[in-house]
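Here you go, one structure.
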């Protein structure tokens, strides 16, 4: 029912009551209303991602919790971080925040606690170094960076928790579209770094849940 | 001392006695001998990766355990899987075995148990389906595939453990160099899949250790 | 007269009465009206593909059968599947439906029966497996998938009929524009798979007609 | 057992006695000997593709039929074209012959009759035009071309049988590796053309068998 | 004064009275008015290329001869084809016409006679063959084609005059942006073919003038 | 008979006595001997291009005129520049000489006079400026350059004769393979410049003959 | 605070009173107002770059000095060129002016004198040669060019001061996006040339300040 | 005389006695001997770069100072760092040393003092931080890194001297050929960083000399 994004537990079948995540972008308002109302009717949890401004406006009468920067809307989200898992989300610049927010909303919807640390790019290395100990307190870190993506290698070499890299399409010239940041994540000299697709905050949070055995 | 590959715990400084992994490929025989003899002297564990045939021949007098397919040589490896962690390594074809073997050797050297399941590509889907329950018994799976890399999405949607994709440079035409398989891993419709660089069996095992908090 | 798309039988000249397919996208409203009215006058069949919203609106007064999702409009289409050929069109996700619908409309216009099976991507492998026997009943299958395109290899390895892959431009990051799905089709480990251009539902249906010797 | 190339009927399981095709390139002499001797023992048919010179030399004592240009070796091939299907293989230049020969050997091994028409590239258009009627007599045509691949569009627009394009890596500069020819096949203005991977003569013959329902 | 496009004779300095060609696209209405009025004042000839719709509208009060499809506007163009040179411009499809028209306008402005032959792509090979003798009557031919660009090789092998290829950005999927057509022109098996940049009708006409020593 | 390279006049059929050019690279010694001896027998002219060292050695007993740098061998070449046409070939560096020599040999074989001006790259701009008047004396210029290919724009803006650019694969990093030089030729700000494929000295000479109506 | 662009001296910490440069493009009007008003309050200097038309309009009531072509706005800029350093900015065409203006505004804001020399591309080589002596009078030159970027090599070989290349995204076809000009800068045969990202006028001025030890 | 590499002062003409740098790679032994002996005769300084092993062996009888790792050979190099300029060369890994050594040899030959700091990649960030103050003592820094090139941004943000990035072709998968490291340098978030071509140690040293006005 949910296009490209589906809750990862679906493949295990049968498990009921798990929250559903739906990629809104390519759906019509009508299709989205149908999905939402069906979930309201059965009091189920639901998360919409990549909502367009137009979609968000047209659904504003429904009992959804919108996050404009993350472009998400949640229905009956879980009340607290049930899993007890805590993830930290680090961004290189303020332009990377929408992707970080998407990761955060998905993570929270899946029962994890998520905290965002913005603007810790390596141009201001000291700010990152000052937070290293705090970052070591998380179960897993998601690094979000565009441009040259140097944050991935630096963060991964600096802290103990596992790190998932999310390259973003932020940048121009050779960085346009995120290819430079993606290459930096994949070619990183920091051992143990793993990567997801460009701008895929959703996928990073899903991977975090899977790696931390949330709902497992 | 170890070029691009370094044991991930180094960044945490000071921790002593941890096994060292050295990328052999770009080093001279002399440099390798020095490194090995220094480790023999202090009875330390050491793993060499990406040994060329010429290097392996020139070092054959030393007390190393060679794995020709993996292109590795181990000195004083740990006696058993100390961490209690078990990973499964699944390959699409027999041509992907060298990368899988490298991942296996590194994983075992880091204290994990590692089992390889060869030739479970999606062209023979039933063979993969038959092993699904067995694969569910591992703490983490590493999927190794070249060509079109369809194994990544299928395996990730089929099993419960987290999956790390290792695209390989196996293939010709549009698959040459591994770009097609890498794109398949990154663009996968299976949520929660993470990826490392092409042919990077070493990196996948390092990531597994970090994600499973081996030595953590 | 019909830009890039022309009915494949034209090259054989002289054969009369064959349906004409016209690529609308780059034509003016005036040019389209001229073409349609000429065909009305001689009671000929005509199919327009890749109609823009603006073109569809401006031609709404004419006796055409519009398919908004397929972006097609048919004039005097054949009443039934004259050739007796049946093709199945399988999509990975709902976002691939427009390309599948275009393939379906062209196939029907050329005298084949066409049925669409939506949302059978490999993330929900069991749904695909459940339909395998049904899919075996068709003369030929068209697989339509974007993102990583794993459907092509899995479907082709699973069923008996020949399979034509149509990669779509659905996806973001490394999947943007359809290159990842195209590479997956071309590099597929499943023998006997053939491919057409990205988003080319028209071409897949034309190829089906030619391969099945419809009008042959 | 056969790496990337496997007989397409395997997926249907259980059907016995079908010929096996094995991609030799990445296998050791020892592995190849084992496979061949097992097939000799059970009097089964076997085709090796992409044999290196070294492999061919080392296996020359075995009862195989070698085709040096095609880089194939056949064991117990079928005596005649059992299926009654006839395919024509057209090359643009003499440098495309190895790929054409591979397609021919695989086609014959699968029970089809295969005839090669060499050097009919569009630079000498009249030679191609003179053969058009003869080419119309085949059930299916395989077009093999490197460089700019103009043969694909011209042939496909000229004849009635379905055409499978096999781009080759023949050429230099922008044609290097076959990407220019592949793009020409995929972007062709000739409707109904389908394509396989660069240099994939094997795949084209497998597709022909599947499309013509040989062994079907 | 004229950005990227400048009349090729400028480099020879000093020669006065030669027609000026100005690339309009990146200039403001004000800048264009200044240029035009200066040329009106000194009764000089002037050609504007790549006019946007907005620019054309804003300049419609001036004594210019507009060609909407070519996106050109001419001031005081030469009255006849002074050089006595005749060029033929052949397009593969109707979508290639804007580029052909630009080439035609520039050619005429430089003193050549220019005739356009539309829609002679190789999918309808016979139409092209029928015009071959007529095309042989020109001093030089410009071939304009997008998609797979097979026209370049076929035309160049078919006729006697020199041929300049102009790839166009017409097409989708692998043809998007014109790279496939450009590669076909450069990798062509037809000897003696030369190429200019994608969509560069202006450049092809300038090259024709230079090669034919118009104004030379 | 001559693979990818064929004398451009062949397409016009029937014209007899014209010299034949054969691309040697992908032919066997045996095939080359057959071609050469057939031409010796009928006292015909013949030019072999892209001879490998091994081929040249194996054919050294035959009455051919070898040019090692150009990698050509001529049989019965024309005694003088029959056409009266003179072309100048300008290289940016000494590494571009092999391509320039190939162009020169082909040009002379086709009846033109050809003179090479080596090492006139723009890093030493004054040397180029000093030769400008001399270069103006030729009917056509061929510019041969690798690396960044700035020579194409500078030469084309500096002189009167038409200029054909031949990008070469000389260079490393971003220049590797000749793509940077090719882009410079195609994107040149100098109007009237035309281009052939990377390293295609043969094609440039063929184009010169065609543009100058040698043998026309 | 300033996204991707930050004054280079920040990394040295503690130095106070230095001018701040903020990349406006991805910020909201609200965020920009907050930043500007905070700087007004503490009488600090501030430069906004890459302002959109909408942002510039919404901030027009504030005491900023706007440069529409450069897309910058300055608050309390330094009164004169305090450093005594003089840089020359040379453009190939008028379309490169916005990038040149950005470089100029940033340079002046950092305390350097900056003069722009427009339209000195190599198609009109004499104009560039005439300015060479004048250009030799600057401490450093910034060369701004799109299309084929031949200016970089020619200028760098012609003058004494160090040259920084700024490729621009001006151009179409193979030049689209600036990749051709970037390659020309990197592959240049002129020794001592250095490069920054496509369209990065800001970065070139920052590099100039750093190389000339302004504020050092 | 010196192919692609020429001493940057040549363009200023007339200045005599300046050291000459010659790119050896594409020259014959004979050509190199001629150049060297001419310089011996006039007691001139000469530096050969990119010597192959074979060339170095064949020239070993001449009075040259060879640096095997740098692949250079110097004749009559200057006795000391005449310019008083000091540059630091920082490498990410030991595999980057050959490029660093080339930069060092060229720098010393041009009269600068050059010191190499090996293996300061960001995976071991503390080692780099510990050297920061020492690095601040140089007039200019050259950063040499392959793989993901994170060193460029980190170093540039950490120290005061200007930094020139030299991406190297060290790495595999997406890093192969150096494109990932090059993109990281160009897209860097650290303001004031400039870049040269992949593996261009020579160019970085030439740029350093020019930027520091050595011989200026």
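Read from first to last, the chains carry the letters A, B, C, D, E, F, G and H; within each, the first residue is number 1.
Keep this in mind: contacts are C-beta pairs under 8 Å (C-beta built on N, C-alpha and C of every residue); 3 or more make two chains touch, one makes a residue touch a chain.
Just so you know, these numbers come straight off a predicted model, no measurement behind them.
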item	value
Contact-richer chain pair (by C-beta pairs counted) among E-F and F-H	E-F
Separation of mean Cα positions, subunit G and subunit E [Å, integer]	35
Centroid distance [mean C-alpha coordinates] between subunit F and subunit C, Å	46
Where subunit B and subunit F are represented by their mean Cα positions, the distance between them in whole Å	50
Distance between chain centroids, defined by C-alpha means - subunit A, subunit F (Å)	57
Per-residue multi-chain contacts in subunit B, two or more chains	4, 6, 11, 93, 123-125, 147, 157-158, 171, 173-175, 182, 186-187, 189-191, 197-198
Pairs of chains, among all present, that meet the touch criterion	A-B, A-C, A-G, A-H, B-C, B-D, B-H, C-D, C-E, D-E, D-F, E-F, E-G, F-G, F-H, G-H
Subunit A residues within the subunit C interface of the complex	1, 3-4, 6, 10-11, 13, 26-27, 167, 169, 177-178, 182, 197-200
Interface residues, subunit H side, partner subunit G - complex	4-8, 11-12, 157-158, 160, 162, 164, 182, 186-187, 189-198, 202-203, 206-207, 209-211, 216
Touching residues on subunit F, where the partner in the complex is subunit G	92-93, 121-125, 147-150, 152-154, 157-158, 171, 173-175, 179-191
Contacting residues of subunit H [partner subunit B, same complex]	93-95, 119, 123-126, 147, 170-176
